[in-house]
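Listed after this line are the structures, all set down as structure tokens.
Below, chain A partners chain B and then partners chain C, in two separate complexes.
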Partner chain A sequence: MRWATARSRSEAPGAPPAGATRALRWVLFGVLFLTTLLPFGVLVVTSVARSWFWPDLLPPTVSGDAWTELLRGGGRLAPATATSLLLGLSTGALAVAMAFPAGRAMARLRGWRRHLAAGAAFLPVAAPPLAVGVGLQYSFLVAGLGGTLPGVLLAHLVPAAGYVSLFFLGVFAVHDDRLEVEARTLGATPAQALFHVTLPALRRPLLEGFVLGFLVSWAQVPLTLLVGQGVVPALPLEVLSYVQAGQDARAATGAILLVIPPLLVMGLAGFALRDRPVVVA
Partner chain B sequence: MTGPVAPALRVTGLRVTFGGGTDRDAPGLTGVTLEVAAGERLVLVGASGAGKTTLLRAVAGLVPIDEGSIEIGGKDVTRLPPERRGAVYLHQSPVLFPHLTVEENVAFPLRIRGVPQGEARKRVHEVLDAVRLADLGHRPSGALSGGQRHRVALARAVVARPSLLLLDEPLSSLDPGLRHEIRDVIVHLQAQVQVQIEAQGEDPEARGHNRAQVQPGLVLVTHDLEEAGLLGHRVGIVMEGGLAQLAPPEEIFRAPATLEVARFLGYRNELPCAPGSGVEARLFGGVATKDPGEAEARNVARDVGRDFRAGNTAAGSRSVVVLPPGSVRVVPASRSSTLSEGEAGEGRGRWVPLPGRLRHLAHPGPRPLARVEVDLPNARPVLLEAEVEDAALADARADASGSFEAGSPVVLLVDVSRALRF
Partner chain C sequence: MVPTPRRARAARQLTARQLTGRARTGLLAALLLASPVLIGVIYAGLASVGLAGVGARGLTGLPWLRVFADPGTWAGVGWTLWVAAASTTLATAGAMALAVAFRGSGRLDGAARLLALLPLPIPHLVAGVGAVLILGQSGILARLAYQAGLVAVPAEMPALVSDPWGVGLILALTWKEIPFLSLVAFSILATRGTLLEEAARTLGAGPLATIRHVTLPVLWRGMLPAVVAVFTFVAGSWEVAVLLAPSDPLALPLQVMERHTDPALSRRGEAYVLVLVALALAALAVAVHERLRSRWEVLER
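So, the complex of A and B:
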């Protein structure tokens, strides 16, 4: 029956022929490969290459020094990775903690009030990170937070909380707040309604918001550089410094490290939510 | 138990304004006073925006009130939050917690009250049995049909044995078959559940120790009059933010308190009676007619705290006679002169003939509906409606001189003993 359905669909008036559809699919796969997987493959090769120059198609000799150094905890990549992970996970968690009530409050506003609140949340997102960083740098120096991990964390929270607040504004705009009303009349206190109904029902967007906050922090260069003043060793900064120094193998190893944790976090979040309904209510 | 039990709900002088009580806010409810006894079903009907849902939400504690008091199960809950009122409010469409299974949903009120697991499981199974969903306990709530969702929501509402159930249009989104089923479930569940309500006694100290096992009270909102008549022990007509009438359904339909209530009930046959027009003399001829005033009006004034009828009668000398459904029959003009008193009135009432001309014959149901233009003395002609009975149709077919063609002369027979004068 499925065959019949597919056949009748492909034979429907105006539908492209099955062969053309198949060809287009392969072209799209090819484009995806060239733009995503091939550069990643080049990174992997670069991370083990030694003296690899143009026009050589492949490196003449290979070495696992960069990886060995990383796995042994030597060099600067390992501590930078740990710092970035700590920053990313903390930023994700704190951004959700801040943005969840903010998004909920914004969704309850109507008319110009909601526009104003959403605009305020959007401001740190819309402003160039460099401009935000320069502004924060001075304030944080005065507050004694310049060049400290908490300072960088707070700086990361500025755009992350903005992004995640806007995300939760969207979530709560379609969230059915009758869930809480129903819970209250069934005997739940506001806290019980929040912890037994709202948060579990919104587990998916909560995890998605966390991943969003993590990603904003993980790839943050200008704010880390300006507020951390080069003292806080975040992974993107180390990769940049290796690139500037021409240490391609270490730079490539760091770049691969930059890719892996976000994929892992997204994969784990997807796994944790595999049976969760997509609906937010 | 030493005395009569407290009512499941007592609302006194309730006033609610939409939007929190600023000067610009429109009044939502004014001076609402009512009681619902334990085990009683009160159905609130009214037009959209009349304030039915606001009243329900105010009782549930979901809307702030400006004045008045609310007692549930003998306890003053006016200033208590929703979770401490002992009333469960159910939305129009069932709201189940999407992250919980059917069993977990039903167990929710028990879980947050800290009921021991064994006891909770027993009560959940009992109530799921009562709504015939015992087999679906482990199913995710998102995998249920519309009717099953309604039954789960109702089971969850009663499992914690609240003193009062507040159902906001629970049947409006259902198809007719399902509506019948859920109506039965509501009645069945209310009858099954036993709640503890304070007994009222002379000694206020002893009152707290005397609790009676009774069924919960139920307040249901609908805009469907048939549903109200089928479900309600009493029906409250909500109009313009107040209770226009509160009475058993048979009384509501027999003697609507005001012209507005009569119109809301769908009583469309109105005869305007200007002073000196002779319409009343023609209809009633000095016979004492049924007047819904006096007893019913007093009842309304007492129960509702608002005398709608006084406002109506004070409006002026012009009155309106309303002819309820069934009090008007239509016969071909040729047949009317031969009808005996017994035939016309089936042995009861006093039937007065009003000659007219058939304007239109519609078919809104099993019986045709005749719209007849009636000439009144010293007044404009009015259009009255009457169902055409099978016998009248047969007469029209049998008698060549009489018919139900548009424009043909007919006679409306009015049972003036059932006419209502406002």
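So, the complex of A and C:
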């Protein structure tokens, strides 16, 4: 093995190591492959399983009941999906509308002010949604927002605006605003500079911020439960109640629905792969 | 429109004035973002001493006394810290191993990176549902054990869901947090590792020594803010715990919800005490996170 050692010693640190470690890499890859994909496979099989009793490894019969029920709009999954989509899209749009100017203003800060601002924006991200929900519930009830769609939307906006603001803080920290200044020098009004220069240049971050806001709302459980009072039927709540009721096929179908938009986003935009600091942990 | 020198100077001054104006609004914007949490804190503070909320009957320290005198609180806190520490440690170790093993440019590396990041945008609840279906006593794992002749009936399968050690919960959270930590680990190695490692190798360090004394320390220091964030998130997460955690000891987030929805209104004040504790921990985590991050930024310059 002297030769192998000598060879790997001469390799660049980033190059795949040779020799015995290759087997280790394949083992690690195998474990990663299985553990990552197994849950998805199990969800798919469970969603079409019928009378799948112990100790069968695979369901004896397959049925599309849970899916046809969903497509026909029966059951609770279809309306819940519509509600969740509406909530997610509105949260994403409103979060960007708030976070874009907020992130830009925060990026102009320096020194302790910058740290204070980043810390403040981080607060709604770090605070457990459950704690935020319990703290805000009474205020929402008093304002007549409890158990209403706008109330849940506002509640989702609390963490979403925090996430997206931190995202835009990162975007504007490295954004070059000389083009905008140039446009102003040439006589553009602030609005013209914003709509004809800044926004077109930041189309991609705007889309990514929207997606981030959507995902925060899409996955939200405790805030929906506390502010929605169980009356606003978002998809995660229905999935949770189906699992707890032991209705595995419906739960798995709902869980697959929960997975589709995030995976689409990841596949289409490569979104999550690039924007490190503010990904939903 | 020709930009005369005067016009140009006017525009520059305007921009400079605007910049200071925006700098001032920067703090206001941050305050606005944090305000819902601050309102929640104020309300929870008042409600925890009987000055606000349903069942409030004037100033009292009883909720605080009852929460801290209840051994169940401490058991729940300890249990939650154990689960958060275990899953954060496992996820960190897993992410580091993946980053070191699959940092190259080969096809296997690319495929492994894609797989490692795949669960990143998936809701936590889905990880919980998957864990119930796989780890439950009649789940896939138990059925595999039956096929292998290890168990005959579901009851013989060791409980991995709602078990006292929280094995199922820890595994589900680890599965969900590895992608985020891997993403951080991969990007650290891609941007920071190479130079130091090359220096170590030039000075005669072997591959293993380089990994141990250079790569892993660089990774660890860079990942620390993310590790703090994951720990905080995991400790406060409710929806996975409600599916996978046992009823005794009761995890901290579940205690909050239980007291908050208790038919005995007098117990609701106790939920606010726990919320304040959770928010104080979150604020502490934010401070630690910001401090670690700014220290790293200084190093980067």
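Assume the second predicted complex is superposed on the first by the 231 of 281 C-alpha atoms of A that agree within 3 Å, B and C clash if a C-alpha of one lies under 4 Å from a C-alpha of the other, contacts with A are read in each partner's own complex, and residues count from 1 in each chain.
To be clear about the criterion, a residue touches a chain if its C-beta (ideal position, glycine included) is under 8 Å from a C-beta of that chain, and two chains touch if they have at least 3 such contacts.
None of these values were measured; they are calculated from a predicted model.
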First, second, both or neither for A:Arg203, with chain B first and chain C second: first
Touching partner for A:Arg184 - first (chain B), second (chain C), both, neither: both
Partner chain(s) touched by A:Pro39 [first = chain B, second = chain C, both, neither]: second
Contacts of A:Gln192 with chain B and chain C, given as first, second, both or neither: first
Contacts of A:His156 with chain B and chain C, given as first, second, both or neither: neither
Partner chain(s) touched by A:Arg76 [first = chain B, second = chain C, both, neither]: neither
Most chain A residues touched (candidates chain B, chain C): C
Set intersection of chain A contacts, chain C complex versus chain B complex: 181, 184-187, 276, 279, 281
Chain A residues within the chain C interface of the complex: 5, 8-9, 12-17, 24-26, 28-29, 32-33, 35-40, 42-43, 46, 54-57, 98, 101-102, 104-110, 113, 115-124, 126-132, 134-136, 138-139, 158, 161-162, 165, 181, 184-187, 190, 215, 218-219, 221-222, 226, 236, 239-240, 243-244, 248, 251-252, 255, 258-259, 262-263, 265-266, 271-273, 276, 279-281
List of chain C residues in touch with chain A within their complex: 1, 3, 7-8, 11-12, 14-15, 18-19, 22-23, 25-34, 36-41, 43-44, 47, 52-54, 97-98, 101-106, 108-109, 111-112, 115-134, 138, 140, 142-144, 146-147, 153-154, 175, 177, 180, 183-184, 187, 189, 193-194, 197-198, 201, 206-207, 210, 215, 226, 229-230, 232-233, 235-239, 242-243, 253, 256-257, 260, 271-272, 275, 278-279, 282-283, 285-287, 289-290, 294
Chain B - residues contacting chain A, complex: 60-62, 81-83, 85, 87-91, 95, 97-100, 108-109, 111-113, 142, 156-157, 160, 166
Of chain A, residues touching chain B in the complex: 176, 178-179, 181-189, 192, 196-197, 200-201, 203, 276-277, 279, 281
